[in-house]
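Chain IDs A, B, C and D follow the sequence of writing; residue 1 opens each chain.
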């Protein structure tokens, strides 16, 4: 059985230490092993990154960008292979994997523009014959720690930007679906990236803690669940590192009575059930304003959900695939049970889906629950499964209050035709990414991704302009040249 | 005896609790008392700020700026009074206090331009008929904690920017010289600032810890010593707040053999001894490259130091004043003693200055020490007094290595005529603020202030563009309007 | 009788040459004379500006800004006097003059932020050890030529920005109401502006042509009618100068059937009749979509117009004042006549207003005309008077086509509640300044003012960020320092 | 014999009208014919561009960028073929053609970042609940007219940026070497560009004048000689179009006595003789400050020039090739003759080069002339050949005055080690592109290219950020949503 190793200083490496099972979630069977890096292995990766830093930071920006352009081209050429690797280990349907990859590639495209986004600010005559300017210099070695749900995209949110800014990188991806991540990193080397600039270590808490405590690591980017995000952030900052740690979510859509209901339902189907709801931007709660809107929503959702197909990754007619692990499947079913027990109405029940030939896969079908209330466990926590819960509110203010009171503030959406409602919502909602008739308002690569409240710890967001500031350190130079005689000609006999 | 209180919700307030002595450092006598806020008092200030927030954040930007313009004008009209208050409690000579105040006013001037710096990014057609834009929304209640050495300037680095961005503020200034800070805040109210937007609480650790733990406080800006900065940063971030914490410094000037030596000496005199060296940007170490340069430097410094006058604040012929406390005076003298004991040469000795009529003041005279080496205590620690230490290096690389190896990385300077030396220095030195023939390279108000290494904890710097990002939270809106019939005219009978 | 002269090199000056009458438009009587500068006088002003340039461009940005701050304060302190001067010669009601002045002051406020907006772009490592940056350097002598309708505001759109950027200026204001313009320029001198930086010459075509042909003038800003704008632009550019020339307008409001009609009518009253319609942003055409909307609009406008009061400037209860000249009055009445003759319906007729005690003033009352069609002269031309014409369209597309077919493209507005309609409108309308439920969408001072089509000749707009680019010239420096031995230490014996 | 046609609406097209000879400049023989477009053919191209505009401007930015990425890749894949086409018709040596192409590709790379550079400015709360933002919308049909000396690069300065901004394009390249230009445009189609977005018409004055007078053309970019540039600019602007017209140059290098002379000479060799001096950034004048510097420069230049090889394009050992035409060759020789006649010293004489096997080619060898003075014809005019003239100045001020007095202000350079001299030079020289020890300071693709004085007519420069403003028109939207009842819930019965 294959053991997936690390990429350190340009070399694939397995340290023959601990390993962990990697599953095929559609069959429920173990398909590979992944090496779990020891402290020493991680330190070796850090050392490689540290050694590669001086040359990389001094490489002219255009030369760094040239490698980015090649990296993008290689990812496009290898897209099918990457999507297959994602499907095998994550279970995501191929078209969904392709979408994920495309979003990742778009960050590389943005990273190709380093010449533009690394520009500093230059001020003439801040004093008599005194000029001053600010440069944005790279930090050094930067680490990234990423989750299972987007094994291609989330790492690509981080390291292309960090590396384009002149840093070197150590990535610890999820140990549940590590193959696509590693393969992509190898393509970066193939694109001409010098050895040591990009390193990948697979591992668990030992690897993470090594990264968090090593003095050479200057900054840590993390995406995962909120509890871990908080641990990462607190530990990294206490160790003098920069940190941005993105956590969980509970994304609400408000459905206003004036919404184009067919459009809203179409959007909700994909946003709630796509990728089995294992997305930090999945819409998991719909708040219908007024019973008319709620009733219409429920009826149309039932119709829309009927033809949805759950199944294995490589069948492109499938709408979504299995959950990542047996434990995930059980957690999701458990939340449906608890909602039902707490008095909610399970309108469409996905607890026992039929997936012929994949009876042991980690599947849960699309589930719709009505009459959910804020005190239910299924509402308070992130389910991270294909479950859409509906809450009925009497007014838009009440609906917004629900969102503002929730622990998370990642994404949200309003369905309305009304300019005033949309503006009031986007202005006052305590959420970082807001959609107006757009259910998954993931910012494009030239903006930045980040939630509010306990969905993000840190000042600066992922990718886009914020990531440039996160991965660089401002240096301000103030310069005055005292007269030297050269200009005045007194030093003409100066020996050259 | 006067007791200096707090400013909460527009009202001056003393809670009749604990107080602490405020000294006149030139005479060594207690001149006033300052109230030390209890937890409840601080919470009242936070509550006032919280209550003032919604209206303030919704006030059009131009109206907020109008108050800033008036605040600036009031500070200029009251400059003499402010400088006198600073002189009485801090001991800083009036021209130096005026300089400090001017630097603070310049931040207000920058804050007048909120219309420009709060602009978000707008993108058309990120998808078919989909637009997206990012807004920079205020955080809510923000706290500032500031040191004794710039009672006017450092608070003004913070709250004008925070408030211009739409936040409300609670400031805890230094309890050693609180009067000018409080007076300035009152002028802000006089300029038309709504009550509660700006609050001042005097206090000690109890006040600080209340600010660090209260959930309503969204962010903390701090300037002080490195140990406290680290505590503030770790505590604030562990409590889910943004934090920028600026700490200590040990700023080196490299004197190259090709420097204009007269110019270098002139600059060093002010940079080392101005404000008794109680500046985080003071130059406290000169590294001379080559013995010729070192010898020339020492000789010219001796000449330049001879006429320097130390004395009380209000005599404008004085060059610098007393230290802030008896303890400070003793610490500085202690470091000179230790340098001498460790083998350094005290070339000019300020340990026993004569200040007629102020025999009990906390004075130390300008001191020059040669042959300092990196392992001496006086080199490793921040002295924060009127002491310039000289180290002799053989090469520019050796001089730079000293700087890069030091714990701090706030400011630095090189004296040279040579373009290549200047560029190599500014590129490779591990320091945030770099001067080329400029001894105190404090960035102007439209750049940002911040050091590297243990001189600053956090991602974003004080004032200027960085402070805008620190005091705002990015929100990205993605918008699509589904067809509604209004444009197409099918709803013409729509009841208006 | 007073003769209004020029301001050249800090001195008020009358060259005893030709003069022209200045009227009080409320009484119809001549109140003053204005000097008309000869070619020699204009050249003297240009020479003064040229001489003042080198010192002004080298003054540190902060010092230049300090003068701007004082200038703003002086304008606020002298606001009543300025508004009275405007009222006497232009006839504008005092509250309207105050509004104009405020808009002008806001440009000065923006100009106070020169430190921020003059920042150039700095790029590290564009090649091996090669840095490059762009500076925005001032042009030299810049000229402005401004119209009668905003004697305070439009000049302030230009010269504060030009001067903040480091240029010196020669202004030729309208000869019909020159006093407030000249007085404001004198306040700039009082604020500390060095002589020669700002010069004012009153005059006519001789002055204009001198400015357009003098080689020392680097750029020309113009606001006036389209024919003159085109002449100015063509002549200035043929003479190698930069030019931005803003011309006429015919601003349409689309009133959609779903509009909040009461709100729309309230907005239209001020936008159509304020300042007698003598504004390039006045709404002079309302396009109602559907007869229901049109009928409702007409009825509500009649009610809203009934209490409008026309009269002299100093009575603050008046809504608007006289037109600027007898010829203007006749032109406006002529257009009403022609519309009537062409078949339009004069619903409210202002051709013979009663203004007790001012029977010879140049007054026209608020006029509403229904059933206007595109081929009428009154539609094709700019009326520049208190006349609102209503066109009835069947669809939004038809309404937009009218606007896009018109020669002018300055401002426009849509009244609707519908997000989709607003977005379609703002995206596709061929107009530079677009309001959504905002009738006079004059950009704030930190954006830029400019129309499309024949409303503006030139690439860059007035005030705001565009004006910075207009009033500066990009210079790009690329720098590499070859090794010199200083850094390497081989030149240690270099004689200092 | 091949006839080179046009590319209109995606189709190659020859209209069987007038043609003109295309030469092989190395042999002096006619190698091809180029079609000269009639007015009708040009209008067809404009019509195609006009028709393609609406769909192209509405295509999401990311989709437009995707085509840019593919275009870049295709240019790299076809680089050899392109360089061969350039060599055959222009005579440029293959490595020089490759350099030109690379610079052009870099503009495409910048154009890939349209998401970033097209961002507008968004302002919240410019008034109570009023937001305002500026968009940069494309203009429509844009034309480019380009010179023979960079048949690949200069067109690529223009149309990738124009098209990335959402415009459509008609290019009229030089009729002397049209093949590479046309081939590159065909690759753009191959990359997926919709037909009509990019069109190429070959032609002469008839084509140019058609572009300048057609109302559908919104803007014209031109690079060529100054007289034509002035004609283009005056005509285009008089016809209401935007125009940027780049003209001739006379680029001076100041050689200071403290310069690293070996380095200076190495740089000058390439900058003066590369591409036979047929570059608008070629250094054609060296001003040596002091006779010591002048004598050293002349001696070292003689040594450096000895091994230079002139010859045909495909031999990569050659340093430069023939001039473009017989007339060019005669013009250059004529200027050398005139300099000699006027008293200058021809130190190295390239008037009769030996190029075996290419006796009829349009070759001139590298030529060095000493003792040139400002009144000579060879100094006043642009030679555009492989001739370096040396002027001797006594001071840096005198050297700078020469540059500032010259008609042109494109590029310049100073060779010095001295920070003060470099800063004084870059600050005060009246030239748009300044090198400090960099002989050809062509700005990188993320800055902008443009000279001062009669080297450029227009406000905005080529490529980089300036080109974004040139190829877009600002539109400012101001938006307020009046309450509609939807938010408040009064419209709950609204029929959806």
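Details
Basically, contacts are C-beta pairs under 8 Å (C-beta built on N, C-alpha and C of every residue); 3 or more make two chains touch, one makes a residue touch a chain.
Quick caveat: nothing in here was measured; it's all calculated off a predicted structure.
Contact with chain A and chain B alike is made by C, D. Of the two interfaces, B-D and B-C, the higher number of touching C-beta pairs belongs to B-C.
Spacing of chain B relative to chain C, judged by their CA centroids, is 42 angstrom.
Separating the CA-averaged centres of chain B and chain D is a span of 48 Å. Counting only residues that touch two or more partner chains, chain D has 62, 115, 119, 121, 123-124, 126, 130, 134, 260, 416-420, 422, 436, 444, 446, 479, 481-484, 486. Of all the residues in chain D, the ones that touch chain B in their complex are 58-62, 115, 118-128, 130, 133-135, 137, 416-420, 422, 436. Chain A contributes residues 62, 65, 69, 72-73, 106, 109-110, 112-113, 115-117, 119, 124, 129, 131, 256-261, 289-290, 292-293, 296, 394-396, 416-424, 427, 444-446, 479, 481-484, 486-489, 491-494, 496 to its touches with chain D in the complex. On chain D, the positions that touch chain C within their shared complex are 121, 123, 126, 130, 132, 134, 230, 233-234, 237-238, 240, 242, 260, 263, 417, 422, 426, 431-438, 441-444, 446-450, 452, 454, 457-461, 465-466, 469-470, 473-484, 486.
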